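Note that the chains are named A, B, C, D, E and F in the order they appear, and that numbering of residues resets to 1 at the start of each chain.
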Amino acid sequence: MKKLFSKLGMVGLLSFLLIGFSQVGMSNEVFDLSNGTMLLADNHAEIVPAVEAVEQAPTLDTGDTAWMIIATILVIVMAIPGLALFYGGLVRSKNMLSVLMQVFVTFSLMSVLWVIYGYSLAFTEGPYNNWIGGLGAAFLGGVSGDSISGTIPEYVFVTFQLTFAALTPALIVGGFAERIKFPGMLVFLTLWLTTVYLPICHMVWGGGLISSWGAIDFAGGTVVHINAGVAALVLAIGLGKRLGYGKEVMAPHNMPMTMIGASLLWAGWFGFNVGSELAADSTAGLVMINTQVAAAAGVLGWITMEWMARGKPSMLGGASGAISGLVAITPACAVVGPMGAIALGFLASMIAYWACTSLKKSLGYDDSLDVFGIHGVAGIVGAVGLAILMAPKFGGVGYDEGVTMMSQFMVQAKSVGFTIIWCGVISFILFKIVDVTVGLRVSEEDERAGLDTTSHGETAYHS
Amino acid sequence: MKFITAVIKPFKLDEVREALSEIGVQGITVTEVKGFGRQKGHTELYRGAEYVIDFLPKVKLEVAVSEKLAKKVVETITKSALTGKIGDGKIFVMDLDQVQRIRTGETGDDAL
Amino acid sequence: MKKLFSKLGMVGLLSFLLIGFSQVGMSNEVFDLSNGTMLLADNHAEIVPAVEAVEQAPTLDTGDTAWMIIATILVIVMAIPGLALFYGGLVRSKNMLSVLMQVFVTFSLMSVLWVIYGYSLAFTEGPYNNWIGGLGAAFLGGVSGDSISGTIPEYVFVTFQLTFAALTPALIVGGFAERIKFPGMLVFLTLWLTTVYLPICHMVWGGGLISSWGAIDFAGGTVVHINAGVAALVLAIGLGKRLGYGKEVMAPHNMPMTMIGASLLWAGWFGFNVGSELAADSTAGLVMINTQVAAAAGVLGWITMEWMARGKPSMLGGASGAISGLVAITPACAVVGPMGAIALGFLASMIAYWACTSLKKSLGYDDSLDVFGIHGVAGIVGAVGLAILMAPKFGGVGYDEGVTMMSQFMVQAKSVGFTIIWCGVISFILFKIVDVTVGLRVSEEDERAGLDTTSHGETAYHS
Amino acid sequence: MKKLFSKLGMVGLLSFLLIGFSQVGMSNEVFDLSNGTMLLADNHAEIVPAVEAVEQAPTLDTGDTAWMIIATILVIVMAIPGLALFYGGLVRSKNMLSVLMQVFVTFSLMSVLWVIYGYSLAFTEGPYNNWIGGLGAAFLGGVSGDSISGTIPEYVFVTFQLTFAALTPALIVGGFAERIKFPGMLVFLTLWLTTVYLPICHMVWGGGLISSWGAIDFAGGTVVHINAGVAALVLAIGLGKRLGYGKEVMAPHNMPMTMIGASLLWAGWFGFNVGSELAADSTAGLVMINTQVAAAAGVLGWITMEWMARGKPSMLGGASGAISGLVAITPACAVVGPMGAIALGFLASMIAYWACTSLKKSLGYDDSLDVFGIHGVAGIVGAVGLAILMAPKFGGVGYDEGVTMMSQFMVQAKSVGFTIIWCGVISFILFKIVDVTVGLRVSEEDERAGLDTTSHGETAYHS
Amino acid sequence: MKFITAVIKPFKLDEVREALSEIGVQGITVTEVKGFGRQKGHTELYRGAEYVIDFLPKVKLEVAVSEKLAKKVVETITKSALTGKIGDGKIFVMDLDQVQRIRTGETGDDAL
Amino acid sequence: MKFITAVIKPFKLDEVREALSEIGVQGITVTEVKGFGRQKGHTELYRGAEYVIDFLPKVKLEVAVSEKLAKKVVETITKSALTGKIGDGKIFVMDLDQVQRIRTGETGDDAL
């Protein structure tokens, strides 16, 4: 526990440093909401206050709608079966179903919560609009079959955003796999959606605080990946290591499943990134090629490290590299060029490799499936790296008027730091509450026998 | 020579193997088995079809050792495989007539 | 056999009751085709008599076309590998390939038959138009590269509908898995397509009898799910139980495969449901969110039942619940609201749970993979439940002029009852014919050894 | 080695015969570039010289763009996980990860190379334009977010073509599976992309030699399948047989994986074929139904052969038949009718069956996973068969003015022969170079132990 | 004491186990094995590569019992595993020197 | 009678089986096992977690034979399983009290 505190403190400190650092370049406009840059508005914000756009009545475009329906489906495939398999293949066979189940049910529960209050809190205006939306669209009240968001039906937009809210908590599963109580997990993630995901989502994409700083997070570097990575780290430390960690063989029980999962995540990520453009337009094309080459470069980056370090490139390395590259390009995909995307994917993957091997070993936490090492770390690299690579000289789209590489970098660093602290502190508090009330760690006996039979009454494989 | 068969809990395998190495055992053959015994299994339910799975995953070790090492081996396994909880397993000792190493054709204690 | 008769009789009785019941509300207009409501016409029927729409020359919309191409591919993914894996994971490993093969070849054979005569019988006008279409478009004669259906190329419409006709017979595989002769199965399903699927499809979507009643079946509750569920029940009873049923352990040999299958079915179902709108428009958005939340609620419904009944929610339960929710929303997806979809998915899943556990046990049939319990039962719940949930007070789109909740309910009940009887009686006759001529059940020895080696000369897993 | 030469000689001879044969019908216009037919130009060529089309400023169509984004993703899914699983399931478990890894990393490396120089060499004009493009668009210089190709963003076109270039080398993996050195493979495939794929791609789709003959290769019969098949054959012969080939049991270790792979290839192939239309239009509809029924007929063709030959249709047969049908329809999908597609798929599948059984046995090479037998042979059948089936009397679209069935057949035969020779000769030279310098075959000991542990330091399955 | 090894048809396992329970056998160790014998295997064909798979899936039971129970155990297995068709399997009986229960250290008949 | 247990390299199984058939052995029971011995294993690395896998896949044969065939069987296995490289395996011979064929109830040499 003490160790936990010190670790969390460290993360927090780092984040404050990031924010502090950013002050240097941005003087005292940190919480100044009058700052009108709002780069994010181009991508998401105009959807929310659809009323404002009455001058130019929004009309439905079938091409954009077709694309967004698919993009949504692709993000669903990322979660189930993609993420579930990516994670499931990495655990021991006695816990396979528990991981599949955690992802599957989390995904389902969050979907329902999104309709009940999630969408409303994230994407409508509220009395504390810097931090969170209102409850005006709870139960999707006010959304009708005719509502249009930009050029697509609002229901499509709602569903697309639903998948993000359902995927992000599921990502955290990798941090506490093989040792968590199923009911405790559901309670924790419900609270986490409400107090971490929805506010950060609103702050970044719903017209709240972070967007007002001019931060760029095209498809969810902070909202999705850093958020999930930090929460996973907090839980991994809080729950403690798995029994036998570092002593017994805990090799992945089915690497082909992990490879399938990684491939489906790769394919689905186009829904995630290109879908965030909310249209099938030219920017979509740029996002697409960037996503592809960043993933490919991520594969090459990770296996290069492995090759140098141990002489053998591995399938798990290839898969991990692809995901690292994809995570890194997520916030950056609409502002860098293809060569910048290659550089970002390659580099982020190498840094994630270092985080999953050296950093994890030296700090000694058991983040079962490296959610922090991959999503957290590559997410940070992407979020701050884009400030550099978006420069025209690196093939990027360039900066807004009045914005420099330095100032953009500061804004990015600040938004990353803010997200880490918000997520870290609240996740820790939620962990404590749920651990004491519902209970989060299974008994030693159940952990030995495996969660499949003890929590779910099933076995993954019979003959 | 003796042919010693031990059934133990799977997660104890590494410990037992290391303990045996230390006392000079040079070869072990290991099989994944299912054990029925006093330790109870569990119930699985698939859409209403209930199956009582009353076997438990166990690991079986087979070790051929010289007469003089036999007692020590039984002791070592007993000690390193012990958790004190039901289902820790059994050790069976049988006479071994003859051994041969395929690679060299050596027989007897030399072949172990 | 006697038992078989009595069971079938029971089902038939129930169906007659449903129809009879509906008479109360609908007086004597049962077979009155002059009834002009034709709610289904909005979705499918205008495609067929493309000639009638000459006043307003149909033009191709690239967005709608893009969406429908994908929707078609998604339904293909539902069948292969989706359904094949969902089923395959549940059988014993010695029968794994036989199930994959049954789905794969059925899907292929039906695809070819669809082009030869299926499309024509289902979607053109014929001399007995209430019951079945004509043969004018056999071999796709008359369809050309330029033909347009609504706003999409007719070939796309033909292929989209092909996938429904190829998927539905494959669904039945779950009823007779692990004990059927492969050639007999192909003969039976060919006859079944011709005498059950095509007529019902024509009656519902091709401008025939059932559509004339004003029945609502947006994406195939009767045509696909009730049809397949009833046929599976008939075959399960007819063939008798698997050797060792109820005595030996017949646990699923690979639950992760089933989970992958369920996930792909979920994702593919958007092609199925949203695709049935035949356009990327506002209704598509409504169908989309309904599909997602009904599936999610289905997951929660089933595991809630399991949790209450035995204390452990299971992965198979989650997967089964998702499919139940999806089946239930299929006919209803364009007429209920998101909260209605949640209610429908949740409830239908609970009822399907009851059918797969209590009902099946008490009746004692061996529907190997619960096709009736899930597709049949949840399909019925969805088909009749939509009449209630489409009410505006439940967030639905409301009724057509002159239609009340009660009258709609009657129409729905009648169409369900009609489908059950049609499908049940004909399936039974076909079963008898094929059983006597070609033979349907494998020898005891082959069943013991497993169908993979005995029917297909292969083994699923080697080292 | 001597054997190798004689085999290659045979293939070469055959190809020369094909070309020679074609001369009869085409007199001396073989290398005559003034021939203006350029049937391919309709599909691909107009994209390249976008400048020429200035009269009619190209505008982006969201529907076409939506479709092409998806088509691209579908081709990605074909490669990972589709092809990887199709192949991986067929090897022994000790080599599973090596195959997945070979496909995964090849796919990634080629993606990056495409951006660096591949696209430019394939799709821009160069000083030796008959043979290869220029380097003007290296690093995607000149492509910007606003560039439009036809009706879609150029970046989308670039990414779509990227997936072809990344998939084709990965197809070759099946020829040398279970015995190749990983680094050697990467070097070989890099050189192969550069000297075989890019030139042939340019000659067929980039406005080069083969297109000038009026050859029809809608979606890549020569560029992708014949190319890959021939290269795989050269490597299979060059490397020699696997240890124990013909003596030890080398049964597929996981047929369900192969079935999943085949199904994803099937579904993804719509991206490949329909995507090659580059628009969601009427032709797309024709391509779609042709693709579906050719695959289905391929399944039926192969299992019919098996049924007759040994009494048992197999899952591997079904999967192989589907791929054979898909390969055959690839060049033909826009010019034949649905009944023609059925005929082509059925026949090509039967011939591929013969190639994988009788032909392979009699020649005695060990093409591990039958890349030549399926992609090479069915590719040839499709490429020449389309000349016949495109006749209006067979339901095809008919010939261009001045073109007859015979003349088209000659052109097709010539382009096939040319591709075989070009690919065969260069592949053989590359094989020799890489074998001598980097080394291509693993040690006997490593081959016995399996490549997973020896090349990649991992094992596919643990408990 | 005796160490009894029986090779039987897989689907007979449950029956045999129950029969043994009834006569007082408290522990069994089960292994999935492949059997070669008089019973013929089958042929598998993969794209023209024909493999004669001449082993059959069998289940091996190992039961250590007291001298006096041994005969009864052999009889019980014979009866409950019988189908009368080829491939029913074999029972092998060997001498068992010594047994030890790991959990308690008990030896001899007490440990069974 | 003798109960012969042999641990060999997996890819030698077919050869050994055929050799045994030729000298008249009619039944064999085969188990996939993991062997620890002088032959070294390998290292696997998963995102920085290094596991030394020091077992190797082996195949275990169990053959019950008549007294007079026993020597021949040991010789035959030795010859056909030999590669001359480390890890070729071991042969263990034990006394077999009694055999029974389940199908017929035959015992002794007749049951083999």
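Brief remarks on what is shown
One rule holds in what follows: a contact is a pair of C-beta atoms (placed from the backbone, for glycine too) under 8 Å apart; a residue touches a chain by one contact, two chains touch by 3 or more.
Only a predicted model underlies this, so the values are computations on that prediction, with no experimental measurement involved.
Using the contact threshold fixed earlier, the set of chains in contact with both subunit B and subunit D is A, C, E, F.
Matching residue numbers shows that B-C is the pair in B-C, D-F or A-B whose interface repeats D-E, with more than half of the contact pairs in common. Counting every residue number used by either copy at the subunit B-subunit F contact, under half are found in both chains. Separation between the centroids of subunit B and subunit E, computed from CA atoms only, is 17 Å. Chain centres here are Cα averages; for subunit C and subunit D they lie 37 Å apart. Here the spacing of subunit C and subunit E, counted between their Cα centres, is 46 Å. In subunit D, the residues that reach two or more other chains under the touch definition are 61-64, 66-67, 70, 249, 251-252, 254, 260, 310, 312, 314, 316, 457-459, 463. Annotation for subunit F: residues 31-32, 44-46, 53, 94-95 touch two or more other chains.
Looking at the complex, you find that subunit D touches subunit E at residues 90, 249-252, 306, 310, 312, 314, 316-317, 320, 356-358, 360-361, 370, 373.
Per the touch definition, subunit A reaches subunit B in the complex via residues 244, 247-249, 448-449, 453-454, 457-459. Those residues of subunit F whose C-beta lies close enough to touch subunit A in the complex are 44-49, 51, 53. Interface of subunit F with subunit D (complex): residues 11, 14, 42-46, 53.
In the complex of the two chains, the subunit E residues touching subunit F come out as 2, 5-8, 31-38, 55, 58, 60, 74, 77-78, 81-95.
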